[in-house]
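In the two complexes that follow, subunit A is the common piece, with subunit B as its partner first and subunit C second.
Showing the complex of A and B:
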C-alpha cells in the first residue's frame, strides 16, 4: 500500500512563509513609519527653537535716531545650546543689506525653513523679518539663523535604534505566533491522519470526532469514500460466499458421481484420470469451503461476540469431530496441555481457525504420524498444532500467512492457501496472532495465540 | 644713503618683529623632530613649567611659544590658521567663535567633562575668577571692600585718593577685558554704576594684565578692577603689597581654553599636548602647576564659570558690540 504520489510543497512552509513574510514587511513598515515620524517631530523641535530665537532677536531691534539698533539678547543664542554642541550661524540684514553676523549665510527663496550646507556641515536655516517703523522711514530687518544638525542626528540615531528594536521585537513575536498558529492549524490535519492510521484494517466506520469547519468537507468525503468501500467490500464478500456456497453443492454431487464411476472403470489410464478428477474436485470443494469460512470470519470479526468458553473443551470437541477424517488418512490426533483454559471469545471463530490449522497439519503430516494439539493458558491463552511433516520452507515463513499464499514445496498437496490466513484473522480479531516455526527434530508448529 | 636705507629697513624689521609678539620662546629645539607652534595669551613664565613637563615626556617635540593679546590671537589666527598648531586664550568668546566658525579640529578620544569642552574641539583647562586687586597702602586703616557695591562706596568716599588711580581693561583692545565687562553687565546693573564712578575718577585703561599689575605694585594705581587674580598671585614680591578680592556679590569666572587648528600640520602631536595639558591641570597633586586648576562646577549657578555655549557669540555681534562699546565709553570716558 505504499503507492508513490507527487508531493508538491508544504502547507506548513507556505503558511509559515506567508506569516513570517507578512511580519517582516510589517516590521519594516513599522520601523520606517516610527522613524519618519520621529524625524518630523525632531525637526519640528529644532525649527521651533530656531523660530523662537529669531523672534527674540527681532524683538530686540529698534530704530534710534534713524539708525537700526539691535540689542541681541543673550538668551537668543543660549537657547540654541544642544547636547551635541551644535554650531550656530546668523546674519542680520537691513533691506537686503548685510549688517552683521556671517556674510556668506544666504537665504534664497521664500520658504521659512531650509536645510542647507554651511562650512562643511548640514544646517537648518530659518529666515524671519520685521518691519521697523521710525519717525520718517520704514525699514525691513531680516534675520537668518542657522544651526547644525548634530544633536538632531544623534536623536534620530537613538530613535532609529529604538524603532529598530521595536521592529525586531515585533518581528520575533510575530514569528513565534506564526509558529504557534501554523502548528496548531496543521496539528488538526495531523490528528486526522493519526486517527486514520491507527484504524484497524477492517475498520471502515465513519469518523465521528469533531474537526474544524474547514476540514469538514475532507472528513465528509473520507467518510463517504469509506462507506462506499465498506459497501463494495461486503458486497464482494457476500458475492464470494454466495458463489462458494452455490459451487459447493454441485461439486459434492459431481464428486459422488466421479467416485461411483471410478468403481466401474477398469482401464488403468481411465481410473487414473478419474482419480485426478476426484482430487481436483476435492481441491475446489475445499477452496470453496475455505472461502466461505473466510467470508464468515471477516463478518464475525467485524462484529465480534465474546462468550465465556473453555478452550480445552472447544478443541476437544473439534478433535473428536475430526478424528474420523484423520483415521482415513492414517493419522492420529493427540490433545495435550492444560486441563482447562477459560477464555472469553467467539467459539465459532476459534474452532474454525483451529480446524484450519489441524486441516493443514493433516495435509502435510506423513502417514502413521501423530499430530499434537497443545492448549495452554500461559503466557497467554494459546493453541499449538504440530505435525511431523517436512516443516515450512525457512525463507517463506514470513509471507505464508498472506491470502492465497502457499508453500513452494507443496505443489502436490491440495490447498487454497487460505488456511493460515483464516487462522491469523481469527487470532487478530481476538487481539492475538499466529507464529510459525519449525521444530528442530522435524515437523512444523503453528501457534495461535489469543 | 643706500646703507642708511638698509639700516632703517633692518631696524624696522627688528622693530616689526618685536612688535609682532609680546614674547617668543622656543623650547627643546635641539632634540626635536617637529615643532608645535602655540599662540597664547598666557605669559610665558606662567606656562613654561607645563611646557617643560611636556617636553620631558615628549623629547621629540619642540614648542615655539608665541605670546600676544587675546584680540590679536583671534585676528592672527583667522588670517593664517595654518601657521599655528594650538591657540590658547583667556577670551572664551573669541575662542568659541573660532571653533564655531570651523577653525578648530575635533579631537577623537580626549576625555573631558561636557561642560568644560565644546564639540570635542575647544577645551577649558583653568577656572580663573576676575578679581578686584587692591594696593593695601591705599586702604591703610580702612576696611577692604569685599564687593562691587562696597568698592563704589569706597571710591565715592575718597575721590581725592582715587582720582586717576583706578585701573581696568580697555575693553576695546583686550578680548578678556571685553568678556569680563560684558558678563558683568549681563549679571548686574552695579557694573554700570561702577563704570560711571570709575569714569568720574578718570580711570586708567590698560591693554593687558601685566602692565596693570605692574602699576598696581608700584603704587601708580590703587585699585584694579577685573584683573585675573592668578596673575597677581603669580608674582611672589606682590604677596604683601596686594590684596586680591573676589567680589562677594557675584563672581565672574573665566576658563582658559585651548584648541587645535584645523589646518595644523602636526595634529597628533597637538592632540598629545592638549591631552597632557588637561591631565596636568586636573591632577590634584600638581605641585608644579602655576596656573589655577579647572574647578569642578559647584551646585548652583552662582559659582559657575561662564558657560561654553553659543550665547558667548552674542556680544561679538557687530551691532551689539558697537552698542556696548558706546555705552561703556559713555560711562567711562567722561571728557
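Showing the complex of A and C:
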C-alpha cells in the first residue's frame, strides 16, 4: 500500500527538530545571560571593596607640620582579604611623585576601574586621589590600589558551572516536553488511522468520535468521501437487482409463452423450435444467475457475515427446498451424517455453495437414483454430495475446479463448471476448500469443507 | 374392445374442484403467459397488477395459493406478505423473484413465504412447488379424481387402485395425471416427453415406453387401459 503514494518527510521529526533546536538555543542563551550577569555582579562587588579600601587609606592621610603623614590602616587591607588569598598591590604618590609601594602601578586620572596585567596575573586596579590642605600648603595625595582576581575567577567558575547545569537541566526538560507534545499531537492522527483501519469493509458510517479542531476538516472530508462511497455501493447493488429484474422478467414471459405454445402445437418441427427456444432461455438465465451469484459471493467473501448455525439444519432446509425438483427427475435426496454440526459461518453463502453441488449432482445423476448428502463434523465441518452418475473424467479432476471448466463428457448439461467455482469460493471464504473424487462403485463425490 | 369416450364415461369420472390461484405480477405479458399455461391445466387464476388490487382480491375471494412478485409498481411484494401474514390468513404464498437468490432468499422465507421460484422458471417446477406447498399445508381430499376403480390425488401424490394403495414414482404420477385430465385424448411420445422431462435432458423414445409399461402394470387391476396407437401415440381408455 505504501508504494501507491510518496512519503515526504515526517511530521514527527519536523516537530521534534524544531522543538529541540529551539530548546538548545534557549538553553545556551540562558547560560550566557546568567553567567554575564553573575560576572557583572561579582566585578561590581570587588570594585566596591577596592573603592572603599582606597578611600579608607586616603582618609588615614593627614598633614602634620607640613609633611604628609600616612599610616596605612589595617582595616583597609583586611577588607580586601579573600578566601583565595589574593595579593594586593599599592602605590602612593604625592602630586605625581612616587612615595611608596609598587612603582610599576601607574596612576590614572580619577576614579576609574581598570583591568590590567601585573606580574603575570590579572589585576583589578583603582586610582584615587585626595587633596590635603595644611596650614600653608596644599598637596594632592594619590593612591593606586590593585588586587589579583583569583577569588573572583573561582566564584565565576562556580557560577558558570551552575549556569551550565541550569542550561542542561532546562534543555533536558524541554526535550522531554517536546517528546511528549509531539507524540500526543501525532497520537491523535494515529488514533484516527487506527479507527479507520479497524472498520469492517462494509462500515461506511461517518466518524462521530470527538477529534481536535485542527483535524476536523480531515474528518469532515473523510466522512463525505465515505458517504459518497456508501451511496455508490448501494446504487450498484440496486442496479444489479434492477438489471436482473429487467432481464429475467421478459425471459420468463418468453419462456412461459413458449411452454404454453408447446402444449398446443402438434407439428414436430415447430415443437423442436419451441424446445430449442426454452433451452436457450434456460441456458442464458442460468448463466446470468450464476454470474450474478458469483459476483455477490466474491463481494460477500471479503467480509463474511458469520452466524452461529447448525449445518445439518441448513442443509436439511435446502434439501427440502430442492426435493420438488429432484422428484420431477425421479431422483431422491438423502441426508446422512451427524445429527448436529454447529458452525459459525455465513449461512447464505454456504447454502448457495451446497445448492450448486446438489444442482450438479442432479444433473449428472441417472434417473431413479439416490443423491447422498452427508454432513459431518470431523475431521473438519464438511458437506459431501455424491451422485451415482458416471463420475468425473479422471484426467480432468485437477482442472475441474478452476473457473468455467466443464466436464467434457456431459456436453448437454448447462454450465456446471461455474457451480463448482461458486462452491469452491464459498469454501475458501470460510478457510476450507473442495475435493473431487470418484467412488470405486461409480459416481462423483464433491466434498465442501469449511 | 375399448369403449369410446362417451358422456356416460364422463359421468363416472369425479372431477375435483379446480384450484384457485391469485397471481400478483406487474408484467401483464408474463402474467398472461403464466395464466394461460395454468388454465390449460384446468386451474382458475386471478391476476392482480398491483398490491392494492391484490389486497382487494384477497379480501373478496378465497384462494388456494398466491403467486407473488417482489418488484411491484406500488411497493415491495414482501411488505404485502408481511401484512398478509399479520391478518391470520394462512393462504400459502410462493414468491416469484427475479433477483439473485444470494441476497433475497433468506428475507423472503423469513417473512413467511412458503417457497420461492426464480424467474424465468420451468412451469413444471412451479407446479411441483405449488403441490409441495399445498401438501405441507393440508392434505385435503377435494383434489382427488375418482374413475374406473382408481382414486388419484395429484396434490398428495396418492394412487389407490381397487382399494389398494400403489407407490409410484414422480414421473409415473405425472404421466397418469396427464392421461386422467384428458381421457380419450391421444398423446404423442414427444408431447409426453416434453411434459415428463426437463428441456436439458436427452430423452430416448424408449424411456417413454418404459414409463407407459409401468403405468399399465399399476392400472392392471382397474378398468383403465392405456392403448397404443401406432404412429400416433397413447390414449387412456375406460373399459366400461
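We take it that the second predicted complex is superposed on the first by the 250 of 450 C-alpha atoms of A that agree within 3 Å, B and C clash if a C-alpha of one lies under 4 Å from a C-alpha of the other, contacts with A are read in each partner's own complex, and residues count from 1 in each chain.
Going forward, a residue touches a chain if its C-beta (ideal position, glycine included) is under 8 Å from a C-beta of that chain, and two chains touch if they have at least 3 such contacts.
Source: prediction; values computed, not measured.
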item: Touched partner set for A:323, first subunit B, second subunit C, both or neither; value: second
item: Which of subunit B and subunit C A:189 touches, first, second, both or neither; value: neither
item: Which superposed partner A:211 touches (first subunit B, second subunit C, both, neither); value: neither
item: Touched partner set for A:88, first subunit B, second subunit C, both or neither; value: first
item: When both partners are placed on the shared chain, which of subunit B and subunit C touches more of subunit A; value: C
item: Partner chain(s) touched by A:99 [first = subunit B, second = subunit C, both, neither]; value: first
item: Touched partner set for A:80, first subunit B, second subunit C, both or neither; value: first
item: Partner chain(s) touched by A:19 [first = subunit B, second = subunit C, both, neither]; value: neither
item: Touching residues (chain side subunit A, partner subunit C) in the complex; value: 237, 240-241, 244-245, 247-257, 259-260, 262-263, 266, 268, 271, 275, 278-279, 281-283, 285, 289, 292-293, 296-297, 300, 321, 323-325, 327-330, 347-349, 351-352, 355, 363, 367-368, 412-414
item: Footprint of subunit B on subunit A - complex, ascending; value: 68-78, 80-81, 83, 85-90, 92, 99-101, 119-120
item: Subunit A-touching residues of subunit C, taken from the complex the two chains share; value: 27, 29-30, 33-34, 36-37, 40, 71, 96, 98-103, 105-106, 115, 118-125, 128-129, 131-132, 169-171, 174, 188, 190-191, 194, 198-202
item: In the complex, subunit B residues that touch subunit A; value: 99-102, 114, 118-119, 186, 307, 309-315, 317-320, 323
